[in-house]
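The two complexes that follow have chain A in common; it is paired with chain B in the first and with chain C in the second.
And now, the complex of A and B:
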């Protein structure tokens, strides 16, 4: 197993070395099958994307477990970080949903940690960003969409259809407004997934172009893209955090809509 | 050959949508600095919404970039 992964990584590195002289900033978004598995005709292969999702989740889980292994009244450094992340997400839920949103805390906190660590581990050179695949972000966005819609129907029954009828409008405008509301409701998973996917893809493409120029330009020209790549790596880390924050906040807003109907 | 050229032109046109995002970002940060100058005490409360808004405005520009990538895949 580890041999297979090591072989695949080495093959990927050799491929990258061969491809070095020609610019191909989208090369590191390629999904490579490490262990091909096929179940009943469905492709469930272990790809590099899956491996990096495991690594990201392992880091997240490990940091939390390590920080909270022996909780002290006066927290140490790791425990402060773990508690800060918990309090941060609790603050988001309190601001957007209110007290009754606390029962969704495990869902929202795991979504936040997943997106955050997938974004940030993608900055390690030679790694793969799972959130730069529309499949990954789309699965999460559709999951959030189905969950919030189901919650709305569970909470309000058929009254939830009133969500599509804006109040305080003349009846003549309703045939125009109701389709617009329905379309904007159905566009939620699309915008949620494409926002995260596009941010990650675009940021890493820019980094790829800058790294390419740094590696290939002569020394008197390379310092400029080198400096920019340093700055952009920091910016990418910040964007990874902001996007995880936005994903969490929008999930909270959708759950709030389902609970309170505006 | 012509359709290749057309796909390049289309990719450029899709990327031109970044202009709108640039205008939006400039407008937003300008207004933010104005607000901070008028009310320096509100800076810590407002800066949170600024970054959220910045991420939203940036995402609009990146939709154009996604369309450019789609054209690149087809062309």
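And now, the complex of A and C:
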């Protein structure tokens, strides 16, 4: 008897779940393969994530190209924006690394634009946010880690290992400090990638939940999550910029550490 | 009870397959890593090749233009200052010149006045001396006349008194003597 009731209850619950709109704010992080490609047995399919990377970079390059279609000494609005983006990154490099950091300018500028435009285009309804993919941010973080570490060894040779030995410490503390330094150094790519990925994921998840409530609540309740979603979209735009800025500035800091070893 | 447990288990299994962060789905990793690297490389190439040089060129051009404008403005200012200094110098020279001319005019005027004055003085002095001469001459003549008359009178008088004619020369001498006497008296009286 109890079994029957339980079965019926379970069936009823399942039915209800089927009928009601299902809340799945993580749905839009789903990577969907559009064109499956396999290269030497490795999957390099073009997915929605990859397509939105291209769209974001296309918009970035398109805007820059449009701003620079006929450069004037007295710039127009778009030209000013293009120049401002370059000067912004140049300023970050000058502030964190100094003049000799300018030889890494193209790299850092590309990184900034990539992250910024992936973050911001992700706010277009129905789009996909490539920077909400841990593997995308991880690729950059590992790339930056390898680049800065390589730079450190290239610049200082084996002397770069002294980076893990903080100066001015009693020798007794060294067995404690050196592992901490090594761990914090190795944690850099993790924190760098997870920060960006988590920010993007969290923001978009919150937006997804708000949109779900807006769509499912009756009209007298829907305005509240709708209003929140409007405000939060603006906040997300700001966060997208801030995270791109943080990613860039931390990259600069790591390069600076490699060049100057604090 | 078991059924509920079963249902819950099934639901949990379904949940796990449908949600959970899709970002941790390892199946999608290789393609995204590959395309991220490729896309980044392409972006880096396009930026380095087209965008950065274009912006740098225009920034440099603007910097150069501003620098040129600044130096030109500086030059123009220097020139203006030079012109101003020149103008001041010329003004000073003109003022000095004017002062000199004025001074000269003043000198000329005073010189002319002096000249006219001295000429007038000379003339009047000449006229005066001429008049004095004339007066002196008249006086002399009158004196001579009086003297002649006095001599004649003296001759007449002596002739009448003593019946003896006095020669003209003696009479003259006497008159002369009297006159000097008179002159002396006059001088003493003064």
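One rule holds for everything that comes next: the second predicted complex is superposed on the first by the 242 of 262 C-alpha atoms of A that agree within 3 Å, B and C clash if a C-alpha of one lies under 4 Å from a C-alpha of the other, contacts with A are read in each partner's own complex, and residues count from 1 in each chain.
As a convention for this text, contacts are C-beta pairs under 8 Å (C-beta built on N, C-alpha and C of every residue); 3 or more make two chains touch, one makes a residue touch a chain.
Note that the structure is predicted; figures quoted are calculated from it, not measured.
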Chain B versus chain C as contact partner of A:254, first or second or both or neither: neither
Touching partner for A:75 - first (chain B), second (chain C), both, neither: second
In the superposition, chain B vs chain C on chain A residues touched: C
Touched partner set for A:145, first chain B, second chain C, both or neither: neither
Chain B versus chain C as contact partner of A:132, first or second or both or neither: second
Touching partner for A:104 - first (chain B), second (chain C), both, neither: neither
Which of chain B and chain C A:243 touches, first, second, both or neither: first
Touching partner for A:112 - first (chain B), second (chain C), both, neither: neither
Touching partner for A:201 - first (chain B), second (chain C), both, neither: both
Touching both chain B and chain C, residues of chain A: 26, 197, 201
List of chain A residues in touch with chain C within their complex: 2-3, 6-7, 9-10, 13-14, 24, 26, 29-31, 33, 37, 39, 42-47, 49-50, 53-54, 57, 60-61, 64-65, 68, 71-73, 75, 79, 82-83, 86-87, 105-107, 109-111, 113-114, 130, 132-136, 139-140, 143, 197, 201
Residues of chain A touching chain B in the complex: 26, 191, 194-195, 197-199, 201-202, 239, 242-243, 245-246, 249
Interface residues, chain C side, partner chain A - complex: 1-4, 7, 11, 18-25, 27-37, 39-40, 42-44, 46-48, 50-52, 54-59, 61-62, 65
Chain B to chain A touching residues, read off their complex: 51-52, 54-56, 58-59, 62-63, 65-66, 69
